[in-house]
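Read through the structures below before going on.
Shared between the two complexes below is subunit A, which pairs with subunit B and subunit C, respectively.
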Partner chain A sequence: MKKYNIYLISIIFAAFVLLLYIPGAAVAGKITGAVKVKGLRAPADILVYLTKAPSVSVDLSKTKFVMDQQNLTFLPHVLPIPVGATVLFPNNDKVDHNVFSLSRSNKFNLGSYKPGERKTIRFDKPGIVELRCDLHAEMIAYILVLQNLYFAVTDAKGQFEIPDTEYSAKYCIPKIENLPSGKYTVKTWHEKLKTEKQEVVVPDNGDVSIQWNLTRGTPGVLYKR
Partner chain B sequence: MTGKMRLKHNTKRKRYLVILLGLVLAVAIPMIIRAIPHEAKTRVINLKAQKYGYSPERMVVNRGDTLIIKPTSLDVTHGFYLDGYPVEFIIKQQGVAFQKYSWEGEDGKIKTDWDKVSEIEFTADKAGKFIFRCTQTCGNLHPFMTGELIVRPNTPYHLMISLSLWVVLSVFLLYRNRGEIEKREPFNLFERIPWLKRLLKLRGFHFFVILPNFVVFYLFILSALWGSPVGNRNIAIIFVWILWWFALKAIVVPLGGRLWCMICPLPAPAEWLGRKSFTAVRYIQKPFKGLHHRFLGLQKNWPKALRNIWLQNILFLSMISFGIILITRPVATAIVFLVILAMTFLLGVIFRQRIFCLYMCPVGGFLGTYSSASVTALRAVDPEVCRKHKEKCCYVGGEGGWACPWNQYIGNMDRNNYCGFCTECIKSCPKDNIGLFLRPFGSDRVLKGYDEMFNVLIMLVVAIAFSITMLGPWGFIKEAANVTESGKLIPYFIYLACIWGSALLIFPGLFIWIGRVSNRLSGFSADHRTMTLRLSYALIPVGIFAWIAFSLPSVMVNYNYILGVLSDPLGLGWDLFGTADFPFEPFYPEWIPTIQGVILLAGLYFGISRGFMGLDPLIEDGSVKVKAMLLPSVFAFLVIQVLMKLYLG
Partner chain C sequence: MKSKKLIFSISVGIGVVMVAVLMFNGFGYSQSSVNSGPDRLLYGRVISSYGPVENVRVRLPGSEGYSLTDKQGKFSLKIGHVPWPRFRITAGKEGWFNNGQFANQTDLSGEVFLNPILLDDRPDYQFISPEVCARCHVKLTRYWDRSKMAHTTSNPKVLETYYGTDAYKRPGIGPGYKLDNPDDSGNCAVCHAPSAAVSQPKTMDLDTVLKSSKTEWDGISCEYCHKVRKVLKDPSRPSGFRPVLERQSPLQGQAILVYGPYDDVAVPPMAASYNPLYEKGQFCATCHSHVKKVPDTSTWNPDSIYSDEEWKGFGLKDKSYLPIQTTYQEWKQWQSQLSPTDSNKGKKCQDCHMSWRKEMLPYDNYVVDAGARNMWGTWRSPENIRPHHFDGGTEIQLKTALSMELEGEIKGDTLIVKAYITNTNGGHWVPTGETMRSVMLVMNAVDGNGKPLELKKGSRLPDWTGIGEEKGGNYAGLPGAVFARILQDDKGNIHVPFWRATGIASDTRIRPKKTVALTYEFTLTDPGDEPEVEAKLIYRPVIKPWAKKKNWLVEDILITSSAW
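So, the complex of A and B:
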């Protein structure tokens, strides 16, 4: 009986220690910040991402990445996705569209399709995918295929948060854990801005905030070969 | 100081005190309205652009409101440039827009780019009236495609209304007993600047001032015929209807009267042909009375019944009936010039003198009436010398100069109306009795016939009509006026009926009634005709300043077109001075309504004050003058209020 009590106490203690550990892990490791820009109408749609991050295994089969076509516009303008994700291209416009990409990493042409129709593409290589429409020269959007899930896109005020819980919810990505403490390289990408990078140290417990001042220029690639 | 003088001094002080108090009140009231707090809202506006207007054409919001504009075009690509706000975008079909934004680059230069958007958000933090304009050449009437954003409280407008009331009050206080002010000695420019007289006496002077103008004008005709059919890309349209028109109204007429007639190249060839000479004068000694020159042609006299400006009034109304077509189609402008040129030849061959200029030129009519207000005048220095001089060389011609082409005898000429500034009398006068006088604005103060009064009223009506058609935001009125493109005859005839009816019936009818009532109120100080004509002089300064206010935006907004056509005069893609693609960037456009308001205030001041001064020979008593000027002042005030509503409200 006594032996049984000792086991019970040990289990409760172990559970207690474990409980202490888990919330601790959940609190640490968010990178938040704001971007200021010279040369854009608003500091929105700027990708902020980690070049290297702990690998997280996520079931991509349940994700729903969508690049919509409405009013002669791709929506959203910038869509970051993890490698291996599939993107849906519905034509919700009043006219036909022909989506294609000439990007080296992901070259494709969906052909002309009618309003109401939809097509899908799986992106297996990381890199920048510039989307165009063969029928409407002014239509342009970017799918950014990334090696990990630690990224965010700035809002209209230039603010971001990595990992981005709103983004995960929107595209049905299972919850992503906060970053473990450590040193990371954070980079930016926007089609009209010079790419910048910063070294960031995520402390053992708590968030880290960073600020960017970006200027107009030609962006670099997402990952160096 | 005697008791009477002290009393006079005290009344004067009281008068100025009232005027000062009035000014304080006039400024304070709009400021109090401005200080009333209000709640800021977010307003979503679905903006539709269609040739040549926006819907809604007027957006009325409160200061501090956030506006979300969702634009779309129903036909071609249009633009949206908002005066006074950093908001500019291009509007395409199906709700697609490209918003302009700018930033300072690393080299310190301002750079711009466009972003594809579906809505444009901004905060209306500045109060007043702001015009938004199309920036993409979308068709013939593109320069007139505008809309209005009114951000309440519209303090500039309120301020101008209260200031115009203050101006009327002040003029009534200051001018009813103007007899107190001494008359100044006339200022003869020839005495002060002797070389000016020597210059004007040169036989070749007139020819050499016409010559460059002549060359340029006929190049404009060629450009209008063979250059770009797009108005804002053709030098003829831009230089004639923007630059010349503004310079004529705002500078030449108020300063020099009919100075334009001196350098007008259109009737010059007919005159040279008639004289068979460019510069020389061919004098013939005659023992009897008559012209001392022989001209080519039949030399008939113009019929007496037509020696007035009725024909000009009708021709001017006819010309402005196609106003918006004339100023946007280069070919139409060329046709008008060529018709004028042909008419000058035809009339020059049949009749004596400058019959076209005097009785038919559509521009000449108002140049005549408006020049009566100008600050310069050509007059006899001593009329007694003229009276005693039997030969009257100025009128019949002399050894030094041709007989007056304008049928004027300067010896008793007391108004500028029909003096074309050709300077022949200066050259022909053997007594050296001609002077060029500087005088206060609005000095002639006499209209001599109903034809002149009608001209003044027609000019007022057309200023209002053009302000509505060309500066207003109403696309359907532009479409009605633009009949050759829209092809809709009924709206066009309604449009014409409004203008002709107002110009020939409503305004003159009302003013003749005002003249009669005012004469009765003043105790029948004169016969009705004399009184009405005297009172209508008040509308000449009002009209001049109304036209300046109307013409101002065309220069401040469209000056970039002037630079553009200088580099590419025919619209053939040249770039002579590197300014062909000068961007559309109006010059301080947010200040235009306020400047227009100030110009209109000046018109009101000069109008009513000159009205009072015009009554001096008829009425002595100040209180009687006040009674006579009451209704004409209300009329002038209301005309100014209509224009203020159009420009600022």
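So, the complex of A and C:
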């Protein structure tokens, strides 16, 4: 019986040690929450991100970030990506387009290209990249180049979860572990909303939930240097 | 059971036959597939009563590829799969009326005959009303009618500046051209009512134009533009350029001579002629340029305002000339500065101001509508259609013309903010055109409690941006900057109308694709505080002092804003 107990204790201990070392199995938690907005049709597509987070080494070579061009519109209108990611710019419209950006962090000009053609750009510096088309004045979109992978985009109900597993799956980003416990600064970004921030504490064991009430206004920079 | 199998077999058989018939007869055939398939050559010749015609562009109407004729007028046109047993090919060359010829799968029905346009400009020619053009070009004329281009004469601000009235039509309220020059009608009509002014450029009063029942007199009418054969330099004109018109009806029945960018339009209602001018920025020079000679007594010296390169780019004869509106020259000098490999090289006015807009979608493949489409329509890629909306100075254009970024840093008790303002989409300086326009950068810096921070270093907005409450659009004294070309007279008065101007006080407008960096320093009462800065970039179509005097609404457009 004693022998059996020793075995049992050893197994439990081994399992405990294993849990500590299996990535993601025992690390703290997520930041979840919901955003309410006055003056917007739906609180969707709002970026919620951590200004500083543990560095995670992720292979970005298989990610599939796409900024499409259809019917004189960039799709999606806002595309958050991690630093070092490559974005594909297919022209799926019926007219030529000329995608470019004069944003200080990532300047580029893809030149005019025809329907059916596609080009790519790698984004190596964090910041807001304002996309334009040189031929169609009303075309505008944003690529938000983020310093870390701990960000989320709100759904139609304004709900979010960091890390955002749905977003990761959509763009083929490898699985990102939960956040270690600790204090984090969480910020929002939307082109029509005033940027807000909150300090949150992720507890040792479990998730933390936060609520936002955003208002229309001027968005801020992603990172204050 | 047998009968069921039989019915099924018959149905399948009929289906296969139908598919085969449809494939060979071209039902459901997409026009866009013309020229697809293996290349075949169609041989032919273009001649005229003077002999063979060289360098004629021959093509299947609406297709991208074309063949050029040789010295003998011969051509070999590559055609792919054409689904019709009989079809037309077209031929066009500058200076000649376009024409066409029928062809079958292997041969042309005969040679293509071209008629030259004999130069015979007739000043007594009466321009056709846009209403006539609208019968076939329904959408194009609708876009044009909604544009500023269609109402340049009846534009209230133009009339009130011309006569010296205010928004309530009260007389004697300047600036007013007729107030300063009661015995002179001026040359405004040259651009604001060109169809009316073309035969009497110096004497046409805008009132005479408006009282006329001729609908083609208000604005820049369809036929006026499409009668322009070429554009020449002419220092006697306000723009420095003169359009050479060909006002005539050709001999072919009631056909209308129309110049345009297509070499493949050869249809009965119009006697169309291919003219590459319609795809060049030079076409716009006749009006989007305005210069004047200053009096000899003037002390105007451009050296302190413009670099040598910029001044040279205005193309003025000497320094006694004053650039008032130089949109065309601004575009031209930008283009001349670009390297051949620059992706902006070759961009022209038409690319931005005659491009598709979302509100026009779905894309159309024809420039004619209704019954005319069935009779004479040519299927085209949307890429080869220029919607005539002429957007400029509109909210859509302005919202993306400029962009702004902020950078901030706290050093001790000082908050340093840098604002970077970039002319992102303008192929000319921004703002351009009328000198009553301006763009303002308005900065607001506050501490963690929302209390304004004191500006230690950096520019402030001048009085003419409005003295009073900020919420009323008054920004004088606030940290910020203005971007404008400011005209002045010899007495040092600024914002004078162009006819009184003898110099330029400053020109801070933003050059194409260039960034202006401005630095502002604010005093922090608490270095540990978290200050916030908000910057707005606002377009103002009419400066406050003018708008106030004239009782015009100041309709500011927020271009963009950013916070740090």
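Quick note on the criterion: the second predicted complex is superposed on the first by the 199 of 225 C-alpha atoms of A that agree within 3 Å, B and C clash if a C-alpha of one lies under 4 Å from a C-alpha of the other, contacts with A are read in each partner's own complex, and residues count from 1 in each chain.
One rule holds for everything that comes next: a contact is a pair of C-beta atoms (placed from the backbone, for glycine too) under 8 Å apart; a residue touches a chain by one contact, two chains touch by 3 or more.
All of these numbers come straight from a predicted model, not from anything done at the bench.
Colleague: For A:C172, select first, second, both or neither according to whether it touches subunit B, subunit C, the two together, or no partner.
Modeller: In the superposed model, A:C172 contacts neither subunit B nor subunit C.
Colleague: Counting touched residues of subunit A, say whether subunit B or subunit C comes out ahead.
Modeller: After superposing on chain A, more of subunit A is contacted by C.
Colleague: Which holds for A:L72: it touches subunit B only (first), subunit C only (second), both, or neither?
Modeller: both
Colleague: When the two structures are overlaid on chain A, which partner does A:T215 contact: first (subunit B), second (subunit C), both, or neither?
Modeller: A:T215 contacts subunit B only, not subunit C.
Colleague: On the A-aligned overlay, A:E130 touches which partner chain: subunit B = first, subunit C = second, or both, or neither?
Modeller: After superposing on A, A:E130 lies in contact with subunit C but is clear of subunit B.
Colleague: Scan A:T195 for contacts with subunit B and subunit C and give back first, second, both or neither.
Modeller: second
Colleague: Per the contact definition in the header, classify A:S103: touching subunit B only (first), subunit C only (second), both, or neither.
Modeller: A:S103 contacts subunit C only, not subunit B.
Colleague: Which partner chains sit in contact with A:L88 here, subunit B, subunit C, both or neither? Use first/second/both/neither.
Modeller: Touch status of A:L88: no partner.
Colleague: Once the two structures are superposed, pull the subunit A residues common to the subunit B and subunit C interfaces.
Modeller: Shared contact residues on subunit A: 71-73, 94, 138, 140.
Colleague: What residues of subunit A sit close enough to touch subunit B in their complex?
Modeller: 38-41, 71-73, 94, 138, 140, 192, 215-216
Colleague: Tell me, which parts of subunit C touch subunit A in their complex?
Modeller: Listed in rising order, the residues of subunit C that touch subunit A are 343-344, 347, 351-352, 355-358, 361-363, 381-383, 391, 396-397, 399-401, 403, 405-409, 420, 422, 424-425, 513, 515, 532, 534, 536, 561-564.
Colleague: Taking the complex as given, what residues does subunit B use to touch subunit A?
Modeller: 94-96, 99, 101, 103-106, 111, 113, 115-116, 118
Colleague: Given the complex with subunit C, which residues does subunit A contribute to the contact?
Modeller: 71-73, 94-96, 98, 100, 102-104, 109-112, 114, 128, 130, 132, 134-140, 194-195, 217-221, 224-225
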